[in-house]
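The following pair of complexes shares a single chain, chain A, combined with chain B in the former and chain C in the latter.
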Partner chain A sequence: MIELTLQALFSGLLAGGYYATVAVGLALVFGAMRVINLAHGELVLLAAYIAYAAESRYGINPVMAIPIALVVVASASAIVYALLSRIEHDREINSLILTFGIGIIMTNGILTIWAADIHSTTNPWFQDSLVIADTLFAMNAEVAFFIGGLALMAGVYWWLNHSWQGRAVRALTSNRNAAMLMGVNPRQTEILSFMIAALLATFAGVAIYTGKTVFPSLGHVLTVKAFIITVLAGMGSIHGVLIGAIMIGVIESLTVTYLSASLQELAGMLLFLVVLFVSPSGLFGGRRALAR
Partner chain B sequence: MKHAMKHAILGAALLAAYVGVPLLFGGTPYVMGLIVAALTIAGVALAWALLGNLGGMVSFGHAAFFGVGSYTSAVLSMKLGVPVFAALLLGGLGAAVASVAMLPALRLRGPYFALAILAYAHIFQILATEMTPITGGAGGLLSIPRFPTLFGLEFGGKTGGYVIILTIILLSAFAYDAVRRSAWGLALKAMHDTEIATRVIGVPSTHLKAAMLALSAFITGVVGAFNAHFISFLEPDYAFSSTWTVLPIAAAIFGGYRTVWGPVVGALVIYLLDQLVFKPILPHGHQMVLGVLLCAMILLSPGGLLPVLLRRRRSEGGRHAHA
Partner chain C sequence: MTNALDVVSLRAGYGAINVLWDVSLTAETGKTTVIVGPNGAGKTTLLRAIMGLVPVTAGDIRVNGQSRKGAKTWDTVADGVVMIPEGRMIFPDMSVEDNLMMGAFPRACRAGWKRNKAMVFDFFPRLAERRDQIAGTLSGGEAQMLAIGRGLMEQPRVCLIDEPSLGLAPVVVDEIFRILGQLRADGMTIILVEQNTSRALKIADHVHLMQSGKVVLSERGDAVDLDRLHALYFAHDAA
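Our next item is the complex of A and B:
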C-alpha cells in the first residue's frame, strides 16, 4: 500500500514537471501581453510531431530533433504573435477567439498531415525503466526530461529576475503603462516572451513524445491543463506554476492508482473549480485578482 | 406603411420557411437532413450569441448544455415514459439547472469565465460516461423515442423534425429580441459599457448575467434534446463533442454575434459549406477551414458579415434617397 502510494506520488511528480514546462510558457505570454494563447497546447503538440517526423523519416534521435522543432515552433509562435498584434478592438475576447481558431487550424493541420494515429518514440532507451531505491519505477525519458525541464525553468526564473529583458517582462506584467514610461519596449518584450514560450513548448513537446504518447486532439487538452495550472498558481507566479503543476500531476496519478483512469481528468478539473470557489486569485497569486 | 411592409416581408418569410422549404426539399431526405443539422447548429449559435451579446460572456463550453439537455430529455422519455415534447422542455430545464453549477464562474472576468466553462463541459462529459446505470455509459443510448404524430402531423420524419427545430429557433429568437428590448436589455447594455457604474446605480449585474446564462443554457438544452430525439441515438463523446461548441462559435462570429439573425444565417452558410464543399475535399481535417474562417473574421471584420452587408445596403439606399 505504501509502496503503491509512493510510486503514485513519484509518477505524479514527474508528470507535474512536464505540465509545468507547458504552463510556464502560457503564463509568461499572459503576463507580458494579457492574452491567453489558446493555441499554446497545439504549439507543444507541433514540437512533438516534428520530433516524430524527424525520427520516423530520418532516424534522428528525438533529443537531436529539438533544434529543428524549435525553429518550426518559434516560427509558428511568431505568426500567432503577428496575428494577435493586429487585433484592435475588444482585445481580451477577440484574442481568445483568434487563438482558439489558430488552435483548430493547427489540430486539423496535424490531423491532415499525420493522421489520427497515436505515436510514441521507437527509440528503446527512452522507454527503458529506471529503478530508484529498489521501489520507484520510471522511464528514462521521464526522469531525463524532468531534470531538463527543471533546469530550463530555473533558467527562465533566473532570466526573469536578473536580466534586463526578463525584468521588462515582469514590469509589463505588473504595470504596463509604468513599464513603458521606464523605457520598456512593449512589442520587443512581448515577442521575447512568445519566443521563450516557444522554447518551453518545444522542450515539453519532445518530452511528451518520448515519455508519453501523442495524438492530434492532445493539444487542446494540454492548453486546458496549462490554463488550470496557471489559475491554481495565480497568474504571474513561476514557482506557483511549478507547485500547481506538481499538485495536478500528483492528484491525477493518485486518482489513477486508487480510483480509475477515466476519472483522471475529473480530479484536476474539480481541484480547479474548488480553487476558483475558495480563492479566485489562485493559491500563490497574492492580491492580483482574476475576478472583478 | 413601413410597419405594414415589415409585416408582409415577415409573413412571406414564415410562409416560405414553413411551407416552401418542405415542399421544395421534402422529397429529398438527404437535403432535409442537412438543413435540420444546420438549424441545430443555428439554435446553439443563437444561444451562444445571446450570452455573448447580452451577457458579455464568451463560452467555450456550450457543448455541456447541449449534452445535458440531450441526456435529460432522452433519459426522461426512455426510463420514465415522459412524453417526448414535454421531455424536450425538461431537457432545456435540465441544462438551465446545470448552468446553476456554473454560477461561481460568473464572478470571473472574460478569459477565466470562458475557460472555467470549458472545464465544466469536460466534467459533465466524464459524468455522462461514468454514470452508466442512467446514461448507458460509453456505449450510449440506443433507440431514443422519436417525435410522435400529433394532430395528424407526423413529427418523427425529416420534415417533421424540420418544423420542430424551425419553431424552436423562431421562439428563441423571439425571446432573445424581447429580452433585448426590455428594461433588462437596457441594463445589460449599460453593463457592457461600464459594469461598475451600472452596479453603482443599483442594477443587480450578477443576477442579470446569471439569468442570461440560464436562458442561453435553456435554449441550448432544448436544441440538444431535439437532436437526441431526431437522430434517436446518444453517446457521451457525441453529445458533449466540441463540435457543438466550435461550429456555433464559428457560425455566430461569421454571421455577427451582436445581431439576432446573424448566428442563424452564419450557421446555415457555414454548416452547408462545411458539409458540401470542405468535407469532400478534406475528409479528416475539414474543421481547419472553420479555424481559418474564424481567424479571418476576427482580423478583418470582428462584427461579422450580416451587419456589414446590412450597412452596405442601407448606405446604398441612403444614396438613392439623396439622388
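Our next item is the complex of A and C:
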C-alpha cells in the first residue's frame, strides 16, 4: 500500500514536471504581454510531431530532433506574435479569439499532414524502465525530461531574476509605462519571451513524444492544462507554476491509482476549483509577481 | 547655446480627448525649469508627450535642438532624456534593488550601475536599508525616493520630474527638495512639475504657469511674485 502510494506520488511528480514545462511558457508570455496564447498547446504538439517526423522518416533520435523542432516552433511562434502585435484594440479579448483560431488551424494542419493516428517513439531506450531504490518505476524518458525540464526552468528563473532582459520582462509585467520609461522596448522584450516560450514548448513536445503518446487533438488538452496550472499558480508566478503543476500531476496520479483512470481529468479540475474557491487569486497570486 | 528643451505650439492628448492645446516653453541647459499649475492643467501630460507616451498631434518637441516628435520612448531614454514619474509608478512586484537595476537598463548606463547605485544609496540611506524589500510595501515617501533613485540610475542629461512631493509628509518633502537642490547645484538640467509652488520656486531658475492645456505665464525664477502667481493660478481656475 505504501509502495503503491509512493509510486503514485513519484509518477505524479514526473507528470507535474512536464506540465510545468508547458505552463511556464504560457505564464511567461502572459507576464510579458498580458496575452493568453491559446495556441500554446498546439505549439508543444507541433514540436512532438516534428520529432515524430524526424524519427520515422530519417531515423533521427528524438533528442537530436530538438534543434530542428525548435526552429519550426520558434518560426510558428514568431508568426503568432506578428499577428498578435497587429491587434490594436481590446488586445486581451481579441488575442484570445486569434490564438484560439490559430490553435484550430494548427490542429487541423497536423491532422492533414500526419493523420489521426497515435504515435510514440520507436526508440526503445526512452521507454525502458528505470528502477529507483528497488521500488519506484519510471521510463528513462520521463526521468531524463523531468531533470532536463527542471534545469530549463531553473535557467528561465535565473534569467528572469538576474539578466537585464529578464528583469525587463518582469518590469513590463509590473508596470508597462514605467518599463518604457526605463528604456525597455516592449516589442523586443515580448518577442524574446515568445522565443523562450517556444524553447520550453519544444522541449515539452519532445518529452511527450518520447514519454507518452501524441495525437492531433492533444494540443488543446495541453493548452487547457497549462492554463489551469497558470491560473492555479496565480497568473505569472514561475515557482507557483511548478508547484501547481506538480499538485495537478500528483492528484491525477493518485486518482488513477486508487479510483479510476477515467476520473483523472475530473480530479485535476476539482482541485483547481477548490483552490480558486479558497484563494481566488491562485496559490501565489497575491501580487502579479513573475519569478518571485 | 541651444536649449535643453524647446516645446513649440504643442498639441497632444489621449485619443479623442485633447489635453494640451498650444504649449510653448523652453528649458535651458544646466538650469532648473519649474512648471506649476492646478490639477488638470496638463503638466503631467506635457511630460508624457515629451517622452512619447502620449501622441503629439501638432507642434514640435526639440531636445538639444533636435526634434523628438514621434520618437519612441526607449529611444528618447537612450538619448539621456529621463522622466521620473510619481512614486506610484515604481515596479511594485520587484525588490528595491531590482527597481534600481531597471534604471540602469539603457545600454549606456549598464557599465556604471554599481557606482550609480552607491550614489543613490548615499542620497537615500533608507533605500539601502530596504534594498531587498518588495517595492510595493514601501511607504509613500520611500517609493518616491526609489522613483528618484531609479531615475538617477538612468544617468539623465535632461531630467523631467513629475510631482515629487505629491501626498508626502513635510519632513519627506524637505528631504526630496534637498536632493533636488543638490542635483541642481551639480548642474543637471531639470524640468520639475510641482503643485507645491512655494517650495518649487526656491529652486527655480525659470517658472512656467500652465492653465487648461496652455502656458499662461513664463518668468525668471527670481522675478516671480508668489502672490501674483497664486492669484493667476486661482483666477483662471474659476473662469
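Heads up, the rule we're going with is that the second predicted complex is superposed on the first by the 286 of 292 C-alpha atoms of A that agree within 3 Å, B and C clash if a C-alpha of one lies under 4 Å from a C-alpha of the other, contacts with A are read in each partner's own complex, and residues count from 1 in each chain.
Operating definition for what follows: contacts are C-beta pairs under 8 Å (C-beta built on N, C-alpha and C of every residue); 3 or more make two chains touch, one makes a residue touch a chain.
Model, not experiment: these values are computed from the prediction.
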item	value
Which of chain B and chain C A:171 touches, first, second, both or neither	second
Chain B versus chain C as contact partner of A:116, first or second or both or neither	first
Partner chain in contact with A:96 - chain B first, chain C second, else both or neither	first
Contacts of A:87 with chain B and chain C, given as first, second, both or neither	first
Partner chain(s) touched by A:104 [first = chain B, second = chain C, both, neither]	first
Per-residue touch tally on chain A - higher for chain B or for chain C	B
Chain B versus chain C as contact partner of A:36, first or second or both or neither	first
Overlapping contact positions on chain A, where the chain C interface meets the chain B interface	290, 292
Complex contacts: residues of chain A adjacent to chain B	36, 83, 86-87, 89-90, 92-94, 96-98, 100-109, 111-112, 115-116, 220, 224, 227-228, 231, 262-263, 265-266, 269-270, 272-273, 276-277, 280, 290-292
Chain C-touching residues of chain A, taken from the complex the two chains share	161, 164, 167-168, 170-171, 173-175, 177-185, 287-290, 292
Chain C - residues contacting chain A, complex	51, 53, 72-74, 77-78, 82-83, 85, 89-94, 98, 101-103, 105-106, 110, 134, 136, 150, 154
Touching residues (chain side chain B, partner chain A) in the complex	52, 58, 60, 104-105, 107-112, 114-116, 118-120, 122-123, 126-127, 129-130, 195, 242, 246, 249-250, 253, 282, 284-288, 290-295, 298-299, 302
